[in-house]
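We just call them A, B, C and D in the order they show up, numbering each chain from 1.
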Amino acid sequence: MFHHQVDTSVIDDASTPWVPFSPYSNDVLIKYFKADPVRGETITLLKAPAGAQMPKHHHSGTVIVYTIKGSWKYIEHDWVAGPGSIVFETAGSAHTPTFVGDSDEVITLNVVVGDLLYMDDNDNVLAIENWKTAVQRYEAFCQANDIAPRDITAFN
Amino acid sequence: MFHHQVDTSVIDDASTPWVPFSPYSNDVLIKYFKADPVRGETITLLKAPAGAQMPKHHHSGTVIVYTIKGSWKYIEHDWVAGPGSIVFETAGSAHTPTFVGDSDEVITLNVVVGDLLYMDDNDNVLAIENWKTAVQRYEAFCQANDIAPRDITAFN
Amino acid sequence: MFHHQVDTSVIDDASTPWVPFSPYSNDVLIKYFKADPVRGETITLLKAPAGAQMPKHHHSGTVIVYTIKGSWKYIEHDWVAGPGSIVFETAGSAHTPTFVGDSDEVITLNVVVGDLLYMDDNDNVLAIENWKTAVQRYEAFCQANDIAPRDITAFN
Amino acid sequence: MFHHQVDTSVIDDASTPWVPFSPYSNDVLIKYFKADPVRGETITLLKAPAGAQMPKHHHSGTVIVYTIKGSWKYIEHDWVAGPGSIVFETAGSAHTPTFVGDSDEVITLNVVVGDLLYMDDNDNVLAIENWKTAVQRYEAFCQANDIAPRDITAFN
């Protein structure tokens, strides 16, 4: 029975590699803690150097962003998210991140439900990011770097 | 405070119109009970005549389908969903519905979280359906038919 | 990897037994379609004869009730839920069901997230119902009746 | 329409007070970012001094804990959660936190869905914590300290 495989557990920071967010960027790095293959929630850290650019995207579900270091904003909103802040994004929202301030890098914790769609200026969908692409990118990086992958889709 | 607007309530079958699922089909009808603008969950009935076709689509989140009348299947799966069955669809799944059996119509209850993406044979995204398009279609139908719309995005 | 165990599937009405809702009632029956051991969502049918009583209870999460047959209400609310209606219950709500109308029984489909707490008149918690008690009741009934249990906690 | 009140926004660290977790402890402090009155999710920081004790509790839904400072564990599990780690707790789990290591305090970010039930040694429920008690504690603290409360239940 599946429920015998389910338990509360910890995932250490050090045990989880920083993975380049290819093919979008080699400067933006992702640390994959969890990718729920049933409900589609991913839990990740994102690290981006000052000046990195990320394209406009749409979210199918909610996003919680806790900013650990640095400051950033969406060009569609006036507010700036600094260290220690929480951004709550609602289903169906779309926006373009940009990094601001003097910090040399931005690090955020992201709890993302569902798909992230990259879009061009005419709202055509260019690419889909979700739990499946998270697993593919993580496992490809582990294989290329001789790291034994954890099962980031398991709950134990 | 928003929480003062929140209460448990009922939405009657009779008070909610059948809305054509335009522009995809005029034969397929949707009854909109709820469209959550925060988490992106929609609760709907779908009614399709025997022989109706619906294109391949992808879901960003989970889908629960309770079949009230008729039988249907996905061409990607062997199983058939008949009256009284529950289909549970996981995040990131994609499939093509087809209606089977002798019934003159199929009626299902659908609890859908997040986006439904219509795709062509090369997995290019043709259209996005979610809580926003639900509200737009429902409100446009109400306006065109002189019906006072309920707030299907509210929780009271 | 857990995600290799995940697939979209159907659960037939006929393959799933009606289980008495013991120790609360032998007249109220539950059909268990799904019990999510990660997020705590259960998908069930409930069948109660006219005149059955159920005690006051509190929900930690949302509840969606689709009424298939008969009519019922909560004594805390004026509205009545009849066939074809949707009731949406919000997190932290509490209420006392009662069955109304001429039908000999009430049948509902219930999508319940989290715990249901039975409470006495002073709001002391008497019992907790959730995905774990669902599994226990279902498996005990199957064992006592020589039925091979499905894994209602799996997603495939 | 409710959806006109919904928007993506930031909640600053500095704009949100530390609130004593009374009546359980005056040493443990909570910072309330969000309390969802529909789905029951709360987003908070918790700060506890070295040596603080917290009782055994049960969760109706999932919990995500990101540890910002210090180390802690559950006496029911062998693992220790240190800075930068993610703990993922599944629905229906119960455990007793204890703080470990040399740090003078522990600070965690907590995304909690549903109820937290405090229990005695015989699993009797002593108290319920959820989005409602979050709002009550936050608003009572604001009133007592002449702070204009934000609407932590809103999504804008």
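The rule is simple: contacts are C-beta pairs under 8 Å (C-beta built on N, C-alpha and C of every residue); 3 or more make two chains touch, one makes a residue touch a chain.
Since the structure is predicted, the reported quantities are computational estimates derived from the model, not experimental observations.
Where the sister copies chain A and chain B meet, the same residue numbers recur on both sides for over half of the interface positions.
Set side by side, B-C and A-C show the greater C-beta contact count at B-C.
Chain geometry summary: the mean Cα position of chain A and that of chain C are 36 Å apart. Chain B has its Cα centroid 29 Å from the Cα centroid of chain A.
If you average the CA atoms of chain B and of chain C, the two centres end up 23 Å from each other. Along chain D, residues 6, 36-39, 90, 131, 155 each make contact with two or more other chains. By the touch criterion stated above, chain D contacts chain A in their complex at residues 6-14, 33-34, 43, 64, 66, 68, 74, 77, 79-90, 93, 95, 109, 111, 155. Residues of chain A that touch chain C in their complex: 1-3, 5-6, 35-39, 131, 135, 151, 153-155. Interface of chain B with chain A (complex): residues 36-40, 58, 60-62, 90-92, 113-115, 117, 124-125, 128, 130-132.
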